[in-house]
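In the two complexes that follow, subunit A is the common piece, with subunit B as its partner first and subunit C second.
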Partner chain A sequence: MKKSHKKKIPKSFLILCILIVLLLGTAIFAPLLAPHDPNKTELSLSLLKPCKEYPLGCDAMGRCMLSRILYGARVSIFSSLAIVFIVSFIGTLIGVFSGYFGGITDKILSKCISIMQAFPKMILAIAIAGVMGIGIENTIFALCIVEWAEYARLSRSLTMGIRNQTFIKAARVCGESHFSIIIRQIIPNVIPTLIVNASLGIASMIMEVAALSYLGLGVRSPMAEWGAMMNAGRNYLQTDTRLVIIPGAAIFLTAVIFNLFGDKLRDVLDGRV
Partner chain B sequence: MPKKIPLLTVNHLQKTFREGKKERRAVDDISFSIEEGECLGLIGESGCGKSTTVNMIARLLKEDAGEIYFNGKKMTQGHRLRPVGRELQMVFQNPKDSFNPRYTLLEGVMEGARHYRIYEKKELKAAAKKMIGYVGLKESLLDMPVRSLSGGECQRAAIARALLCSPKLMICDEATSALDVSVQAQIIHLMRRLKKEKQMTFLFISHDLALSATICDKIAVMKKGKIVECGSAEEVLHHPRDPYTQLLLKSVLYAEVNSITDRSVL
Partner chain C sequence: MRGVQVLKRISESLIQTIILLIGVTLITFFILYLSPGNPAEKWLSGGDGHAGIVSEEAIREQEIKMGLDRPFLIQYKDWLLRVFQGDLGESMITGKPVLDELMEKAVPTIELTAVSLFFTILISIPLGIYCAVYKDGWLDNGVRFFSFLGISLPSFLISLLLLWFFCLKLGWFPVIATRDWKGMVLPVTVFVIQCSSKFTRQVRAVVIEQLGKEYVKGAIARGVKKRTILFSHVLKNCMIPILSWCGIYLGMMLGGAAVIENIFSWNGLGKMAVDAVTSLDYYLIQGFILWIAVMFLAINFIIDLLSAFLDPRIRKN
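This part shows the complex of A and B:
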């Protein structure tokens, strides 16, 4: 008798899934979880050390650090997810069309991809965000402009590997149109790799959003965002490292969780394809 | 009595591949025809243009010159659409690669018929199951990933997929080459059953002259893009005219040549 093809999902993957759900839950329910208003300034509480009422203390403006971290998760995580979703969608479409049709379409699109990849990503993102002005929507736009090429290149090369396989020929003999082949045959076969790439990309995107915010090109004050919180705390690096370490740790932990999740997701999907 | 139209007629077909300044004529002015219920074997060594020819017939490649008539209708680029596609199905050399790796056996077999909307949704599943049984695959394999099946099972599945479209012509492009000898015999047996029970017409591409003779009524021998000899299987095997065919026959064991025309061996 043939063995069942279904593989058991590893425990570590389930744990990471729970952690991701917790992270997203924290971000979504930040208004319910935050003990204080994250934007309320109370100069008498400036640089307050952690205490019962303020578990992570207060920043230089006397705002609750815990509340700001919880609210900051919303901006940091969801803006990163939005960027990854947009760039993987656009990049996949461009890459698949380029790889599947080949010829002049591929020549033009792959040149565009190469040109985009020739620029140092962060410098270009800083330039775009700088020209467009401060604001999270401009940060998202700038990062989308610089990041799509990576996803396009990956999906293009995956498509080119699949395009010449016999099952694509078989689909054509079965009368499937190019559009149908792309939707039914190509995309389902490139998606697992792209999902893994995207889940790994979330971590780096969180750090890039934080980096732009740290440079003052991200969110508008007083909105809480982890990179912007580090930027605000850098003046106190010598006296109160807590202001930098807490948002830094939040970025680090989130990035690690998403990275491990991407890694495990690859193992799970690889076993199934 | 009106003259019977051949199911497939190929007239002066040509195809040249260009790579930079280099040109290679893969198919050079070939013509042949296949009557309904007949099996034509297109035989030749690797690179002689067999697969290029069938790829042009199956609308996967565009010819440079020549005409292809299917059921009396000329297959121009415009005509190569769904109505003809359903009646002309193909079985490929590597059975595992001819299925989407994400499909189960049932999904893979339903692929063509689903696309041509031959059956209603409910009927399609039942018809696919029936066809899977007809080609000799067990029902317990239905939900298995199709690529996890053995080579022979996969090739049976590929035949079932083609059959589900109710084709008039089945093109087998080296359909037995990737299989071991015993499985080859099973597949040939299945094809002969199809020929007998469903009056299926075959275009059988192979480099194996001995194997082709066990199923083909006519054999066309190809060399460097040209058909050097065409005739009934018996004629080509026992009275080859062209030196290349004679050379091909010499490479087949003497005992095999004598036994291959005795079709009861399979």
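This part shows the complex of A and C:
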């Protein structure tokens, strides 16, 4: 029965899946793929143009650009994945709880959501990350604090949409506990939309992590990160745009792939539901 | 009857805003506590980080002076009372009152915001409506492609590329922005690229949603002209969501785009915020966050009022 309704998965989606796997693979196996130590400075190689040994050349400190981009992928991709994972988990929990129980629980929780959403996200993230000090873990913390509300709001409204439907009432009449209803009825119904939303959120997280790093509030100094690399390259904009364009292109391409993936995922899941 | 309805809505909205305001001030005040450093020490060392020079006793004394030795809620209450009197403390770096500093830096940001928002609206609303009406046409596809690019491009990449091309390569604009139209062109361009990419999509989506509603089918069946349906039915219903997005963009822009202002050396709130954060100017950070959040709430309140007047469901009741 189920199989006959199954739509064929479009080819473009499979290609995007492969690209995502490649990106993740690059991030995981960066130490194996990188031709040089990303943090080794060699001032004689400063601003070296791309050549055989250094395919993307060297930065101002004579560090291999390719190795730094590969290692940077780790920080950018894993930290954004971590943020999206944490905020979707917390946001979904709070949103579902608030939407399902309603009443005073909902009043308090939805006020908390509104309060968080009264701050412009980037500004609050800058303030939190800045006050807590430089370091990728603080960046992740700051972005989690500002991002969860949006996810909570979405899962709350989704939950409220199905809360009063017959199958929930039926489950209740059959004596299913609230906890079990949330786990077995509510969550499976809201999860497709939340997954699409989360996958679309990855790209914007990559850019926000990079933006904080660009402002000098992300990773600590020698660590390779795309936004921080652009910040370092900014001073050489006039002589060598490569230092800005290469990490910029890395951010852009990663964001494009994740955004396209999210868009296609929505189409695929919409086709199913 | 209508007056009562609107009044009720206004008072509800006002109460909501006040509750949010309390929450916002609490969080703003709490941010200071996230710091691993000691604000009193920071105050004494004047932001240069000569922490070693300051003696323990002096730090204790300063802590008492700043009220840091008292319980959190009492500190919060004292701070709130001072804030209501317009006293946000003094900048730890320049020693000027935070409020003066904010006022001074708000002007360039407001200028930038006004121009950017104007162009964003001018581009996005007509384009979004057009794309919704001629869905899947060549312009719609083109706009979708470019707005996708706009969403995937980080603002600092666009800014740096524009800076490189127009300031360094062509020399059309000064590298360090001047406070006139010439200095404004590039930051506004980045703002407009970023915001109109999103806004056009949002307008398009809401118009498409309205066009699919039953009342549109009914109107077509009754033989109402398409033009009339679009302009006097559909767009009226789209007005409220579009208006509230305009409010969100306005609030976002008034916060000053930290990255954009920094790259173009536009001396507004966004640049000030980053400078305050890097030099750990706690009171300035606090004051700034509060200012932004209050602005955001005020804008939302006004938008709410406008919607109350615009919403035919409230009007006709």
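Just so it is clear, the second predicted complex is superposed on the first by the 270 of 273 C-alpha atoms of A that agree within 3 Å, B and C clash if a C-alpha of one lies under 4 Å from a C-alpha of the other, contacts with A are read in each partner's own complex, and residues count from 1 in each chain.
Note that contacts are C-beta pairs under 8 Å (C-beta built on N, C-alpha and C of every residue); 3 or more make two chains touch, one makes a residue touch a chain.
Just so you know, these numbers come straight off a predicted model, no measurement behind them.
Engineer: Given the superposition on subunit A, are subunit B and subunit C in a clash or a fit?
Structural biologist: On the shared subunit A, the partners fit.
Engineer: Centred on subunit A, what angle do subunit B and subunit C make, from Cα centres, as a multiple of 10°?
Structural biologist: In the superposed model, the angle at subunit A is 90 degrees.
Engineer: Applying the touch criterion given at the start, work out whether A:S180 contacts subunit B, subunit C, both or neither, answering first, second, both or neither.
Structural biologist: Only subunit B is touched by A:S180; subunit C is not.
Engineer: For A:P55, decide between first (touching subunit B), second (touching subunit C), both and neither.
Structural biologist: Touch partners of A:P55: none, neither subunit B nor subunit C.
Engineer: Have a look and say if subunit B or subunit C is in touch with more residues of subunit A.
Structural biologist: C
Engineer: Contacts for A:P188 in the overlay, against subunit B (first) and subunit C (second): which applies, first, second, both or neither?
Structural biologist: first
Engineer: A:G161 in the overlay: touching subunit B, subunit C, both, or neither? Say first, second, both or neither.
Structural biologist: A:G161 sits against neither subunit B nor subunit C.
Engineer: What is the contact status of A:A170 with respect to subunit B (first) and subunit C (second): first, second, both, or neither?
Structural biologist: First partner only.
Engineer: Considering the aligned complexes, could you tell me the closest Cα pair distance between subunit B and subunit C in angstrom?
Structural biologist: 13
Engineer: Indicate the residue numbers of subunit A shared between its subunit B interface and its subunit C interface, in ascending order.
Structural biologist: Residues common to the subunit A contacts of subunit C and of subunit B do not exist here, since the sets are disjoint.
Engineer: In the complex formed with subunit A, which residues of subunit B make contact?
Structural biologist: Spelled out, the residues of subunit B in touch with subunit A are 58-60, 81-82, 85-86, 88-90, 92-94, 97-102, 111-112, 115-116, 140-141, 144-145, 148, 158, 161, 165.
Engineer: Considering only the defined contacts, which subunit A positions touch subunit C in the complex?
Structural biologist: Within the complex, subunit A contacts subunit C at residues 111-112, 114-116, 118-120, 122-124, 126-133, 203, 207, 210-211, 214-217, 227, 230, 234, 237-238, 241, 244-245, 248, 251-252, 255-256, 259.
Engineer: What does subunit A use to touch subunit B in their complex?
Structural biologist: It is residues 1-2, 5, 165-167, 169-176, 180, 184-185, 188-189, 273 of subunit A that touch subunit B.
Engineer: Can you list the residues on subunit C that touch subunit A in the complex?
Structural biologist: Checking each residue of subunit C against subunit A gives 16, 19-20, 23-24, 27, 31-32, 34-37, 148-149, 151-157, 160-161, 163-164, 168, 251-252, 255-259, 262-263, 270, 273-274, 276-278, 280, 282, 285, 288-289, 292-293, 296-297, 300.
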